[in-house]
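Before any comments, here is the structure.
Chains: A, B, C and D, in written order; residue numbering restarts at 1 for each.
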Amino acid sequence: MNFRSDNETPVNETILRAIIDANHGFEESYGYDSYSNLFNKQCQNLFQCWVETLPLATGTAANSIAMALCCPPYGAIFCHESAHLNADECGAPEMFTGGAKLIPLPGQHGKIDVDILEKKLASSGRHGEHEVLSSVISLTQSTEAGTVYTLDELKTFKKLKEKYQVALHMDGARFANALVSLNCTAAEMTWQSGIDLLSFGATKNGAMMAESLLVFNPKYTTQILRHRKRSGHLISKMRYITSQLVAYLNDDLWIKLARHANEQAHYFATQVESQIELIHPVEANEVFCRLSTSKILSLKAQGYEFHVWPDSDDIIRLVFSHATERKDVNQLVKAIELLY
Amino acid sequence: MNFRSDNETPVNETILRAIIDANHGFEESYGYDSYSNLFNKQCQNLFQCWVETLPLATGTAANSIAMALCCPPYGAIFCHESAHLNADECGAPEMFTGGAKLIPLPGQHGKIDVDILEKKLASSGRHGEHEVLSSVISLTQSTEAGTVYTLDELKTFKKLKEKYQVALHMDGARFANALVSLNCTAAEMTWQSGIDLLSFGATKNGAMMAESLLVFNPKYTTQILRHRKRSGHLISKMRYITSQLVAYLNDDLWIKLARHANEQAHYFATQVESQIELIHPVEANEVFCRLSTSKILSLKAQGYEFHVWPDSDDIIRLVFSHATERKDVNQLVKAIELLY
Amino acid sequence: MNFRSDNETPVNETILRAIIDANHGFEESYGYDSYSNLFNKQCQNLFQCWVETLPLATGTAANSIAMALCCPPYGAIFCHESAHLNADECGAPEMFTGGAKLIPLPGQHGKIDVDILEKKLASSGRHGEHEVLSSVISLTQSTEAGTVYTLDELKTFKKLKEKYQVALHMDGARFANALVSLNCTAAEMTWQSGIDLLSFGATKNGAMMAESLLVFNPKYTTQILRHRKRSGHLISKMRYITSQLVAYLNDDLWIKLARHANEQAHYFATQVESQIELIHPVEANEVFCRLSTSKILSLKAQGYEFHVWPDSDDIIRLVFSHATERKDVNQLVKAIELLY
Amino acid sequence: MNFRSDNETPVNETILRAIIDANHGFEESYGYDSYSNLFNKQCQNLFQCWVETLPLATGTAANSIAMALCCPPYGAIFCHESAHLNADECGAPEMFTGGAKLIPLPGQHGKIDVDILEKKLASSGRHGEHEVLSSVISLTQSTEAGTVYTLDELKTFKKLKEKYQVALHMDGARFANALVSLNCTAAEMTWQSGIDLLSFGATKNGAMMAESLLVFNPKYTTQILRHRKRSGHLISKMRYITSQLVAYLNDDLWIKLARHANEQAHYFATQVESQIELIHPVEANEVFCRLSTSKILSLKAQGYEFHVWPDSDDIIRLVFSHATERKDVNQLVKAIELLY
């Protein structure tokens, strides 16, 4: 039973059906297909504002093109030290920006410590051209720790962004899970909270390979198409990406899928929290918990798949997804109970 | 009727079926799926040699990662001036290599003029560190003009490559069309002709989005996985790419599709060559021909879709593909006959 | 006797004296010395306009930072195929811009063929994001062939620049030689002719190591100091660069030195033109002429130092400089006469 | 009286004399001058080993070219968070490497905390291609805190370097001050302690603008000349750099100058340590001490120049140099005494 990653899930049937339906005859390539346009309209409705949409096949591409749009080669990107951007993309943001510097920041439960960030921003610039230029703050929502920034927390970053004249980016690889968690509108969680650019993920939540960079601030759209093309991310038969995105947003499918995932995570946490230590608050679709090495080995031997967290021996991550079935969760709960 | 680009074709039904079949349950992500391994084995059989395979979603990624593997930032890449690498990728090879210089070369019918290339290679290095380092020759097979380098021609490049100690790359976005045209083995057209790296395309010939970089020379595989990851081209749900590639190679599907495409192009050329001027020999699946502006407009008005070639007013390109039906070719032939 | 390069000349005594005079006590570093300010004022007087001045130690740095200021990573730089930028800087402009593409253009006597340039500019953009963005034209004044663009010729480029909305850069490694040749004002040869950025060279014309990027168009000065710093070109003890530049411009020293150099070149050309073929018009301080291999060897055996031009066996370049003495020119003239 | 930076000092008279002496007649450019060769021989003698020498005008160039030689674009550079490389070069290492990631490490008194470094190195690689490749450790000797790694400490880094197969770089902008402090041989402090590449500084210690990258490990010299050229750091009239370096090493001038500087720092520290808090051990030519804001203002008002350290209000840095006179130190000591 797989609790390792939402990247290992199959494609949701409705989305697969949309891909199959898109497969009739010839259709214009390179983003001039009808779905590209439709997806943009859906986003304008969803976010209730003007928005530039750039469909892509990977989240790393979305994050890195976002950085290239708002951070010069001599710029600084502030993010949590555990952010995908910093820890899991093998220097992609550095490559796409032409050499920007990521400033990894600490903070509990995967959230940037605002005081440390403000201190960094405040001292920046004193040293003139000898230091890099503060350019962007990147938040991950939901975070790598499975937590979710509240709207109030987001507003704190909005203030910093405005005070220090930097861009604000959201890595929304698990955007839907966060939105369901906050139970707010997509507008509230993004541009109304000062977000300029959003990496909007769909792959983990049921798509095959479909992400989109969304830009709410026209200032950060300069030559956005060339940024995609020069990094090799312009898909020729784009309709097979965009048809996924359209189906994903249709009829609130994405919300339903994320709600299901979050519910499994919360259900699991509720069931086991009296027995095992939860490392982070469970606010989206991931649960981090402490287990002894022998218990970890026992679960693995029983066929449960999950990650033991790097730099630790006794912390595991369990990911619940659109494809996780309640019966499998129950079985895992029982297996854990039997360990005690 | 669409003769504009093989990028606008639908996905072949067998390949689509393979994608659907891949959609069962969880499967390891990031290239550790079972199809990735299978595809590598297919390639070893097909090319009858050791080969590194790097599945990707776009041809620009394949070309650019290839360049990053064999050309340093201070290197020179020799290619035809019309090569996709040079003319259609918005500087992607420059981005991936960290600033290498493309040396565009002239040559009839889309093929590099060997004498000019040799002269460039011979004079290179006289000026020491003041000039870039000759690093790689990139050939497009079939070419942007729809022609195909013969095995003898390829051997001339092999000699140059060995003499000047550079790498030899083949952009095989239309590899299958060229192979069918030469009626030789995949090994003969590649590593036996000195090819070190091959961008092996499947998308134009029936896949949804599936290409692979193939490296025959282990010297050019250093950190190949990191090159893919840092450019954002590591697809998380990789099985949906690799299952396409596996189906593509199975039962010679790729050969059948390319043969069909080439046959349509040749049939068309044979039918019209007494009436209109063919600009290049028709050796693969593309036909370039001269038509007056009024005739071009007339065809367009009748619903025929094709590109008028850049930098010309009276040259059109017609692309025939796996999805082109003979009846549509016949109809186009008739429409052209009626113009005269 | 050295006619090989003005890079091999000693430092003019007045400039050396200025360096020595600058060597008293402590002085603020990193460009906050008094000479930096003074040099900027001199330039404003000289060019009769606002101008940003960025002192540097090398011409390659000046050219490459200029490109970084006006050309994005996905941009195209149009220059003569023999331009230093393209042929002699080992990809520095590509490195500084983060991967821009240089488009080398042909043209007689080292000057860009305007018609070919216009054709390139006119066709650019038709292919959208698939191609690089036309961003800057770079002219070398005087050219690598020792010729000088006339004010009328410069105005043609100004028109193209305005029509196609690109920047106009002048590589003035031998700016003084060109200015003396045209006998016009520095303003006329630069911003009044549409030049946005100028690499203003002093090293070849008598300085030790002193160049400056000059920017006439404020649009191209964004973060200019960071561009210098991040490429390692911010000299800590800057006073030793800027004191050279101040002395160079003082009392028209630079004009006198360049006039002397040009005069030697013209004198030489006049003396020998009845006997040997001059390859290019002699308009600045360089003479290119054709000599048989045996005559070349004979001159070399007599101790005359000069370059045989790359890609040729019978063309030599003779460079005349601020340090060339008339008696040496006379001796060379005689040596050539004796060959016939 | 200037205690602000050794970058603000004048050129030592012997070095200036060497520059003047170099100014006779023509001399081959671009590093083919006689001094370049001589300097290399001096270094081989000094370090008692084979060594590649690359003369340069700035320390940032030396550091950044060093990184480009030993760290790929997808690599990680480990250094102290206060290292010049990380904090004061506006992203130059990122630019020269094509996007490598600097991993800033904490540690007391400007020295990397070895345990934290080892932990980082040990955990690196677990995550495969998703993370950057550990490539180099860079030490600053003497450090930004004016301290000096002992030979034993250096050997700890040597062991880590060998265990984790990374390169070891030393930023020796103040190499002479450290060497005098340790009273060991140049060989002991470098290659015998595992150093592969050394940024050897002379500017702060009496030169005008002269640094050199020294590479002890031939593995890290690939295309070193092209790295210098493509970053614009090949000085045409190189003799004026290399003559400085030759004079600097001649007759142990560099040792005498550094010894003088260190002695002033120690003398000062000894005189004031009973009254004011010294922040770091005084081991080279810099003294960091705590003073109240009012005392700082009082000293400044009296004409003493120094830096108040960033991110603090009450810590000042005093730099003592080859040009610092004992009488000025005495005067400063008295001024401080009078504050209490």
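Couple of notes before you dig in:
Assume contacts are C-beta pairs under 8 Å (C-beta built on N, C-alpha and C of every residue); 3 or more make two chains touch, one makes a residue touch a chain.
Just so we're clear, the structure is a prediction, and the values are computed from it rather than from any experiment.
Centroid distances from subunit D, each centroid being the mean of CA atoms, peak for B. By number of C-beta pairs in contact, C-D leads over the other of C-D and A-C. Centre-to-centre, using mean CA coordinates, subunit A is 50 Å away from subunit C. Taking each chain's centre as the average of its CA atoms, subunit A and subunit D sit 42 Å apart. Between subunit C and subunit D, the centres computed from C-alpha atoms are 34 Å apart. Across the assembly, subunit C contributes residues 30, 73-74, 89-91, 95, 98-99, 129-130, 132, 226, 229-230, 234 that each touch 2 or more other chains. Subunit D makes touch with subunit B in their complex at residues 30, 72-74, 98-99, 128-130, 132-133, 223, 225-230, 234.
Of all residues in subunit A, those touching subunit B in their complex are 2, 4-5, 7-11, 16, 19-20, 23-30, 57-61, 64, 89-92, 95-96, 203-204, 208-209, 226, 229-237, 240-241, 305, 323.
Listed in rising order, the residues of subunit D touching subunit A in the complex are 73-75, 87-91, 94-95, 97-102, 119, 123, 126-127, 129-132, 310-311.
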